[in-house]
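Please find the structures below.
Next, two complexes with chain A in common: one pairs it with chain B, the other with chain C.
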Partner chain A sequence: MQRTSGQLAMLAAINILLLIVGAAISGGSFLSIFNLQSMASQLPEIGLLAIGVMLAMCAGNGGIDLSGIALANMSGVLSAVIVSSFLSSGENDLAFSLAFIVVALAIGFSGGLINGILIARLNITPILCTLGTQMAFTGLAVVVSGGRAVMVGSPDLLSRIGNDMLLAVPISFLIFIVVAAVIAAALKYTPYGLWLMLMGTNPKAAIYAGFPKNGVLMATYAISGTLSGLAGVIIAARNVNVKFDYGSSYLLIAILIVVMAGVKPEGGYGRVVCVVLSAVALQLMSSLLNFGGLSNFVRDFAWGLLLLTFLAVGRYDVVGFVFPGNRRRVDTGVKPSSTGT
Partner chain B sequence: MKAKTKKMLAGTFIATAMLAGTATTLVAQEKPVIATVVKISGIPWFDRMNTGVEAFQQANPDVQASQSGPATADSAQQLQIVQDLIAKGVNALAVVPMDPAVLEGAFKRAMERGIVVVTHEADNQMNTQADVEAFDNAEYGAALNERLAECMGKAGKWTTFVGSLGSRTHMQWVGAGEENAKKYADMQLVDPNNESFDDANATYEKAKEVLRKHPDIKGFQTSAGNDVLGVGRAIDEAGLSGKVCLVGTGLPNPSADLLESGAITAIGFWDPQKAGMAMNAVAKLLVEKKELTDGMDLGVEGYNKVSIKKGAGDGVLVIGNGMVLADKSTYKDHMF
Partner chain C sequence: MNASRIEQLKEDAARPQSFSLGEFIRRRPESITFFLLVAICVAVAVANPAFLQPATLIDIGRASVVMGLFALGVFIILAAGGIDVSFTAIAAFTMYSLTVLVQSYLPGIPIAVILIMAIVGGALLGVINGLLVHHLNVPSLIVTIGTQYLFRGFLLSFIGTVWIMSLPPQMGAFGRMPLFQFESANGAVITLPFYFLVLPIAAVATWWILNRTLMGRAIFAVGGNAQIASRLGYNLKTIHIFLFGYAGALAGLAGIIHVCANRQANPFDLVGTEINVIAAVVLGGARITGGTGTVLGTILGVLLIVVINSVLVMVGIPSTWQRLVVGSFILLAAAFFVTRQRKK
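Our next item is the complex of A and B:
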């Protein structure tokens, strides 16, 4: 477990460092309550998607979920269209909000389940499958919304999720932390978590050991889809409107977060707490650059630099400490499991 | 383990030190800060707008004006910048929304915090105090189409390109164009509203498809800034320069070659430099709690006598008369 603590220490150090740098260049206003709240409320959308990608990656066999943001947008758009066809947000705030949330989560769950079924039952490579469903989800959202933004409005409950604070912490951020904690606990203490990681480590052995492979895969993608649905709810709550092409850059950022968090691209290892810290680090860095009034191209450069640093460290780590045979090095790309016959 | 952690921390320090080194531009601010946020940084249109923001800063040393924008064309990225600027505590935001709907929530929170919000190219924005438009969008679309009809001899097949179906101004322009074309019974609209995503290459491919599908097509009306380049190249390569008409939004400098060869009939535009100055001028007036009145002079060319109309929300529309239509003989007067 040396690797884990090293990664965690490094992520924590980066976060603290970014906060110090931010405070230094902004004369303290970077650490003002309002900015901390503002950054915390920007985080959940991308954080939830990143956790979904992490789960898919842990499943091994080239697992990845590219459909995250597309599914989030589709959940928001479809749910807004469906719910507002029989409820108006002006009349019954609470009912509208609840219906919107339930329908969006259900759509996210079903979308994820479709991914899971395609991957587990039909044995489609995850990267191709989720690329296909990503386009299908986006397409469906375009057709249903006619390419326009769909108004969700600010009914009471939803607008609270998007804008209000509980004990000075944005509610959307609390939701994110609770969900992350639940998933972390599930990975650590339930048979599902054990199955997922072992299956990612060696799928063949997992099958011979009698793991419910299809069940685990479907559950994994269904959870990832539900997280997308939740991201869709939070996007709708914050932005008042939902649209099919929102956050097109999130796809790669989510993968960046996951790789930075030390999740193994070939499966079998990943920690939720690292993903959360990694997402926080990216958020701090991008807000820092906006505070400094720097070009956003510098941000891409800085992210790339961070990622390369992590990969270099991860690689030495793996090669030097865990697998001297150089068989399982960490790589940027997704590749089939290295457990050859 | 110790050594490894040290190595990691060293890497981290290098990365962050570089950031810190470059991010020292922030100075203590007493003057009101007007932050301009554009759709995308680093494209000619918004580089030109940046010159306007800089000119405004020169002319108004009593405020601090600067421009920023996302590196990728994604409304979520623009939203993040706006949110960070709100948290930073600027006095005014002058935003060219990628997608007005996505920014509504953030603008509402900004105005609740007493930040002045001014927009451009977003006449449907609810949460803004003033939306600056270079011209009336319907008039612009109709003017483009009129020029196209003139070139086509008021007859034949024609089609339209928009940046994306979600881009409101583009849809307004082609909508007004379609409306205008109804005057001429022989003009036949085919496969309208092709999406270009402001990508000259993708537009080129799409235009080739259109030319293959409709060999007898006579005209293109395009909307996004790069569309004329893509469609123009397709027309040029097909040897149809001068035979197929192309009128659309574009900038003189990049379009110069294609205007000369006759692949582009005419380009319509407004000067983003002036729009940037006008936005900042309005923002400054609002920061100083001054009134916007019909017919007032913003001190910017093309905005000397703006008309004030009621906007989509509580704010107002500030409409200038900055429309420019240029063809082969006149584009040289506006080189940017």
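Our next item is the complex of A and C:
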């Protein structure tokens, strides 16, 4: 538990530090309501994908979901093509939006379920399986859209999700927070969460303990897929078009967020609240680099460097170094007793 | 690997008569790749006889050089149970910075030196990978995703983003140098370039390392079970550095050949083709969890992917289907090999 709070404290400290640095550099305009809102509305897409990656990683045994952004794009593209073939976005805004959302979520769910079935039933290594589905999903999106951007337009409900505020908070950000809270609760209070973490800690023991291994794996990837579908909806809502190659660096960023959040790549430990905070930190850094007028390429470079730095942090126990009180427990992190929450 | 080979030999000796197809496939998974390759070639040749023209075949040979070099690097890492996605960034980094270097500072140096510099440069970047993988002790996929962005970001933000359309003359000449040349029926001159030779040489070198040296034995041992290998006395650090250094060297070489062959250096090139290469290696029968695979299978896998990419258009399937087809092939191959293993 102490290890967890150390990570949490460090992430919170990083966030506060970034806000202060941002305010200092920009002379206060970094903290303006407008800038905060714009940052908050950019966050959900990548945050949802990161939660998906985290779940897959927690399942252990080399679990990882590389197909996230591809599935998000495919959900958006397929849903746009399917729904606009029998509804036009100009005539019936509400019906179009609802149909679009439902179809995109369903596609995300089934894509994730395919991943889950391939991994759990056929025993394909997650890296290989999600590499294959990543390519297949992108390929399907290309085939359906002919490689062009597909117009979604801005029907009422959908554009409200993408652009409007509720009490000065972007609606998409609220959706993200609610979804994150639901998943955090599921991990903490349901047997599913316990099974997932214990399975990641020791897959063999989990099988002997009689855990429904296939069910847990399929549920994990199905949830991850549904989150991708939701990310697809938000991408479509924020941009008027959907395209198969949107967000090409999201895969790295999602993994970076997850590693920064202290999720263990070998499985068995991860907290949603840390992932959310780490996504916020990354968004702040990204906006800071923007304020500094640096190019996208410098940002890619910085992300790569940051990922390796945080891997080193996880390896060499810098958290314990900064917060010396927590050192004692760090090496026992693999014990089931310290992983559940 | 070697132990299982001895077992196989014993089995062969014990029952030479009872040959079963399933057993053969389990032992040599690349035979499936070979059958698939032949089947596709025959099908395409029937659908469109133009496929069997020497021009097409030489195009396929040319296209497989860069991918083949990448694939050999990926294969050797895969055999040791790791995975690398940074090799395209290493290739892009080496090829572009080397081209800039040669163009602006060392215009007169011979092509042989350029090739050696590319190999050394790629190997150095690879060694960075190896050190990180060894010391950070996390899955190599995550480390190499990080270094991929690191190398590429460094290249694009600090070295340059401009396409170089006019290469230094010796590099252009190397790209055009013919191995042999002949005139086809319709009068066009068809050339198999000299650089094609690099692929067989690299393949033989890789085969030799894997099958005839202690390092090769160590690589398969680590791929089988890293912990046991290290307790047997294999030095994991040396192996990691060698693996990633070797893959980096192949990537650097592939990058410079890519530049010479296309007669231009585009810093945005290559990155994004990793999945194709990994797919080729996996289709060649190497298990992604390590410890298995052959050089021959890898080369067959590369040919399979190159053939699929180039024949889709020829049989009238739009090129937009390419990713979907390759993606499905990966999944099918993975499912096939896994079910085969389980039957054993």
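Assorted remarks:
The definition used in the following text is that the second predicted complex is superposed on the first by the 298 of 341 C-alpha atoms of A that agree within 3 Å, B and C clash if a C-alpha of one lies under 4 Å from a C-alpha of the other, contacts with A are read in each partner's own complex, and residues count from 1 in each chain.
Following the convention adopted for this analysis, a contact is a pair of C-beta atoms (placed from the backbone, for glycine too) under 8 Å apart; a residue touches a chain by one contact, two chains touch by 3 or more.
These numbers come from a predicted model, not from an experiment.
Once chain A of one complex is fitted onto chain A of the other, the partner contacts of A:A312 extend to both chain B and chain C. In the superposition on chain A, contact is made by A:M151 with chain B only, not with chain C.
Of the two partner chains, both chain B and chain C are touched by A:S249.
Of the two partner chains placed by superposition, A:P191 touches none, neither chain B nor chain C. Legend: residue contacts after superposition of the two complexes on their common chain; A:I64 is shown touching chain C, with no touch to chain B.
When the two structures are aligned on the shared chain, A:V143 is found in touch with chain C, with no touch to chain B.
Of the two partner chains, chain B and chain C are each touched by A:R299.
In the superposed three-chain model, the partner touching more residues of chain A is B, compared with the other of chain B and chain C. By the touch criterion defined above, A:N35 reaches chain B but does not reach chain C. When the two complexes are laid over each other on chain A, chain A has residues 142, 146-147, 248-249, 294-295, 297-300, 302, 305, 312 in contact with both chain B and chain C.
Interface residues of chain A, counted against chain C in their complex, comprise 62, 64, 118, 122-125, 127-129, 131-140, 142-143, 146-147, 248-249, 251-252, 255-256, 259, 265-266, 294-295, 297-305, 307-308, 311-312, 314-315.
On the chain C side of its complex with chain A, the touching residues are 83, 132, 135-139, 141-143, 145-154, 156-157, 161, 272, 275, 278-279, 282, 288-289, 320-328, 330-331, 334-335, 338-339, 342.
Considering their complex, residues 2, 6, 9-10, 13-14, 17-18, 21, 24-27, 29, 32, 34-35, 37-39, 41-42, 45, 142, 146-149, 151, 154, 162-163, 238-241, 243-250, 285-300, 302, 305-306, 309, 312-313, 316-317, 321 of chain A touch chain B. For chain B in complex with chain A, the residues that touch the partner chain are 1, 4-5, 7-9, 11-16, 18-20, 22-26, 28, 41-42, 66, 68-77, 79-81, 83-89, 99-106, 108-109, 164-166.
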